[in-house]
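In the two assemblies presented below, chain A is common to both, partnered first by chain B and then by chain C.
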Partner chain A sequence: MYPLWLLLPVLAVYGALYIYPTLSGFYYSLTDWNIYKESIRFVGLQQYRDLLAAGDLVNAVRHTLVYAAIVTVFQNGLGLGLALILTTRVPGRNAFRTVFFLPCVLSTLVIGYVFSAIYRPEGILNELLRFVGLGFATTDWLGNADVALYAISVANVWQYAGFAMAIYIAGILVIPKELIEASIIDGSGYLKLVRYVIFPLLAPSFTINVILSLIGSLKVFEIVFALTSGGPGDATEVVNTYIFDRFSDGLYAYGTAANVCLFLVIAVISFYALHLLRRREVQL
Partner chain B sequence: MHAKQIKSGLTAAVSVLMAAALAACGGGESGSGGSPSSSASPSPSASASASAKPSETAPAAKPVTLSVIMHADWAKGGPWEQIMKGYEEKSGNKVDLQIVSDNFEQMVLTKIATEDIPDVLFFFSQSSAIKKAQSGKKPRRFVGRILHFADQSDHFEILPAGRRQGVRHSDERDERVGRPLQQKKYLPTSACPCPARTTSCSQTPRRSRPRASPPFYEAGKDGWPLQVFTFSGFANLLAKQPDLMDKINAHQTTFDQIPEFVDMLQKQADLVKKGYANKNLFSGTYDLSLDELATGKSAMVINADWALPTLLAKYPDAPVGMFPQPFEADSYVGISDPQAAFAFKNSKNVEQAKDLLAYIAEPETLKTYYDAAKTMPSWLGVEAALNGGTADLQPVVEAGRAAPFFNGLTAVSVGDYTKELQALYGGDKTAAEVAKALQKNIDTAAKAAGLAGW
Partner chain C sequence: MRMSGALTALRLVLLLALSLIVVVPLLFILLSAVKDAQQAALMRLELPDAWHWSNFKVVFEQGRMLRGLTNSAIVTTGSVVLSISIGVMGAFIAARRSGRLIAVIYTLFLAGLIAPPSIIPTVKLMQSLHLNNQFLGVILLYAALQTPFILLMMTGFVKAIPREIDESAFVDGARGFGLFIRIILPLLLPSITTATVFVFLGVWNDFQWPLYLLGSSDMWTIPMSVYMFKSKFGTDWNYVFADLLIAMAPVLLVYAVGQRFIIEEMTAGAIKG
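The block that comes next holds the complex of A and B.
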């Protein structure tokens, strides 16, 4: 047993770089801090009242939740599918693992530029659709307010599905072979093997993946900023682009209050999801 | 014993040498002689500096490197490298010219807030922009010591347009004029009768126009060019109601209460609704708009003559002209606020920075600038050859039919007006709702600023 005081350096760094700024953020959301004033003043919950009165944060929260739901479901679905395929004896599986993992180490800004080109009205996606006879489905993927948010979600899923895949592969590889062999001897086909043996034993990997993708997508900023900057209009406005705009307007306390709201939303959703998934792990 | 004596002797010798060396260092560093250890170096400043650098003159004359930041768009067509080189040769100072393209405003405000200030900054000159840049006091623990921007008398506008006689509302404004750019070759063959009133243009039957050749190209993805339509059109309202901005700034009227402004927004929305703008305009960018215009794929772009240097650099022979946005029979044109050059009071090279600004203001330097930029010189006595498009509108401006963009006249920032216009084009908001949203942005900022009347 190491003495507890050895934790002090780490706690000091954590406190200075995380706890203190977080608590400061809470405090400044209760002030009138903005670019136009010479001094700051405590105003209680005024910024939160203004946020609720303005109503536009609600729209950003709605977009963020939709985005998070899409990304979490598809990123995990695709990641799990890829992991299942690439843990069989498919030729070139190691190369495929590398290829699928690669996008998550690329800069989000680069991904944004790539997908901007793909999504352009005369871009690769529309050309492909026309080529396969689906010309009626072509659209301005980032300019059409009805589809822009989904188009951005696809870019994010593409980028991080490989990351989810890597965690699932690690989970699958530690499943005892005896269990799989026993299941096969008992006559279960591949689907039953996945459903009744592999998937339950992947529960810890599933929990980690869902929580990471949920938190990551609730905090989304870069990919939205790179592709649409929240536009057209406010069709893809998410909470972080909303906060960014408020800071750009010099409304720091207002933006900080929005940030505190985002923090609370993420905390509540994450803890609830974690609670559910942990319970599921025990049940399985 | 003998060894001990040697050791003691060496130690004493080394100690004396070290003491002498430290004393010498102390003497060299103690500028004004206020050091308590001055007894160790009897003539601290004069003798030390005189012996170290006998030929050096006063510290102020020591060459420095001035850091200068400007936006990439402002550097285009302007021979800043040449001007800065001229200054370097004249003064002996060096200039580190940093040209920034993306997130310029954000980057500059962050630099100011973190006290990472340049010596000279080329920045927006609207009062709301300056107000933003002047901030930095609060909260102290976040951004540290207060930074004061230079006083009005200390900052220097590169393009203060309004010295020209007869220009309304433009006493200290640039003359970068917002109005449609027009493709000269294309337009006469087009069925769209522009230049004329916008209404008559948009009433032109669609079938009479060539297919896939929209009269207007709108850069909806970049967004900011969408603002020029109302920025420029508002000049006509200011011409009729000179006190309009005062009323807005005193909160005696609001943008959504100005029917002409709402009509103007409606007209802008109609351009798209009636099919006079490019399809897929939300993937349209500013650069693409210039390509489309120069190559004749689109007849017009609603923008200002700041576009011309970029356009002509790529398409030197493009026959591009300009005309006032046709809101009235004798329409006014909008004038953007100039970029301005600022020296910071707390810059460590403030005197040299002022010196650089003074150099830029010299007639020969201005001539060099305007000859390259080909924009209307706003300094009396400076003449320059203009780009064709700019020259088209020179008579309009000379006649005084010009007024500043309204975003340069509001007491606080107009916020993200671009987003509201995108929503208008997308059909998500009506003209009245956009006017209301614009006012809401101003209300929020004005309340935050604690302005009287809000």
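The block that comes next holds the complex of A and C.
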């Protein structure tokens, strides 16, 4: 009644173009594969030793982690805040929801270019800062190595906070009305209602949002590529832009070893986060 | 009552301020796109001195937007159709059968939802199969990358369909592929639209894989043509902005018509997936 061959097409495509290259990546990272070589040779952990010695991958991993932490925190904070406001009685709720959600359906590359104009020294962000009397805070947002990574994460939060918001709204709307009404009769204030009733019951939405923003931001590529391509210097180099640069250099095994490192970072962090979040869901 | 009225007003002001943060950048692009080059370079949020609507025409031709839009439509449609048909068919079997093999397969797809693909080996594999610079190649690759999400989500939906339905269809002679096409697939249509919205936006907006795989300008999808346009005309900001707007236009149009539907489907997709 349920023949296995119906599973074959999806297995074939997925196996050939995802599983096989990903697994072969582990092998290639142990070779001297590059654009100048006719044949490839097994060199053990040499590429990883070189990566560690050069230190620039470590740098890129650090930037990626900082970036992921900022994006995850602010995307969820802002998304949750918007969801809480938009589930109260406020005029024009649907219109606001539509506006906040809009950026996430647009192309990340396009958003990147929009922000590259906004962040320019003569751009509208600095114009706004001068207008409100914060002229001392103006800077070349993408050319200043101290702030460029943060500027990029803001663009990312701008694009995806509305997506987090939509998931939180869906989570809040399934909370039984009686629970909320009961605590209002109790006389507890709105903040207590959020702290002790809404937030705990939002645990599943919280898990989904945190995992999605973590994985998405650890794999970040397009927005960084569009805004700075890793610069100035290597101040905003993340792992995926690093891999692209090594690919362009023809250093295939070296870039693939960096890819394996990203694989490990994402696997460890997302499993650990999932474990923590699920345990929290159960306790509640 | 006055207290809560003030509170509502406060919330409204906050929401309006935040909406401005979303709207102003887009408005800025729109206004700058119809300026002349000098005024656009000033990067001011102000009305154009003269409205150069012809900028769009120039960019549409110079940026080969029609080619880009057509290519994106081909790649996206192909990826949606292929990934959803094989993914849903696989989900039907994965949901209905049990045992070790199915558990292993399920775990493999779960891993694909989290683990990043190994990019360089993937690109090299595509090149050695002569699948780079080909629509078929990127379509197959997108299908491979999108199926974990589709398979896992649809498995959940298939499980929600009672087995009794299969059994009564079986008595009527339907089995295997016929059972899937005639009985299961129609019941899954609502959730298939969810998957379609997800795959559509994911593929339409993707830039990373075309950058690695589509070297030939005849094959460029919209994000790729935007990238090339920006590299070539980077200082003519009015043209760059017009190009960005044309690139955004199709999705903006779809969103304007079906925003409520899209928000609901994407939320459902994220929660189930």
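Observations on the model:
Everything below uses one rule, namely that the second predicted complex is superposed on the first by the 271 of 284 C-alpha atoms of A that agree within 3 Å, B and C clash if a C-alpha of one lies under 4 Å from a C-alpha of the other, contacts with A are read in each partner's own complex, and residues count from 1 in each chain.
The definition used in the following text is that a contact is a pair of C-beta atoms (placed from the backbone, for glycine too) under 8 Å apart; a residue touches a chain by one contact, two chains touch by 3 or more.
Here the structure is a predicted model, which is why all the values come from computation and not from measurement.
Within the superposed three-chain model, A:Ser39 lies in touch with chain B and out of touch with chain C [touch as defined at top].
Applying the stated contact rule after C-alpha superposition, one finds that A:Asp249 touches chain B and leaves chain C untouched. In the superposed pair of complexes, A:Arg120 makes contact with chain B and with chain C alike. Using the contact criterion defined above for the overlaid structures, shared-chain residue A:Tyr28 touches chain B and also reaches chain C. Of the two partners chain B and chain C, it is C that touches the larger number of chain A residues.
By the touch criterion defined above, A:Val194 lies against neither chain B nor chain C after alignment on the C-alpha atoms of chain A. When both complexes are overlaid on chain A, the residue A:Ala235 reaches chain B alone and has no touch with chain C.
Once the two complexes are overlaid on chain A, the chain A residues touched by chain B in the first and by chain C in the second are 24, 28, 120. Within the complex formed with chain C, the chain A residues making contact are 1-4, 6-7, 9-11, 13-14, 16-22, 24-26, 28, 82, 85-86, 88-92, 94, 96-110, 113-115, 117-118, 120, 122-124, 127, 158, 162-163, 166-167, 169-170, 204-205, 208, 212, 215, 218-219, 221-222, 225-226, 240, 243-244, 246-247, 252, 255-256, 259-260, 262-263, 266-267, 270. Put simply, chain A touches chain B in their complex at residues 24, 28, 31-40, 50, 54, 120-121, 140, 142-145, 229-235, 245, 248-251, 254.
Chain B contributes residues 105-106, 131-132, 135, 137-139, 141-142, 220-221, 223, 279-283, 412-413, 415-416, 418-420, 422-426, 428-429, 440-441, 444-445, 448-450 to its touches with chain A in the complex. Here chain C touches chain A in the complex through residues 8, 11-12, 14-15, 18-19, 21-26, 28-29, 32, 42-45, 82, 86-87, 89-90, 92-94, 96-97, 105, 108-109, 112, 114-126, 140-141, 143-145, 147-148, 151, 166, 170, 175-177, 179-180, 201, 204-205, 207-208, 211-212, 222-223, 226-227, 230, 237, 240-241, 244, 247-248, 251-252, 255, 259-260, 262-263, 266-268, 270-271, going by the rule given at the top.
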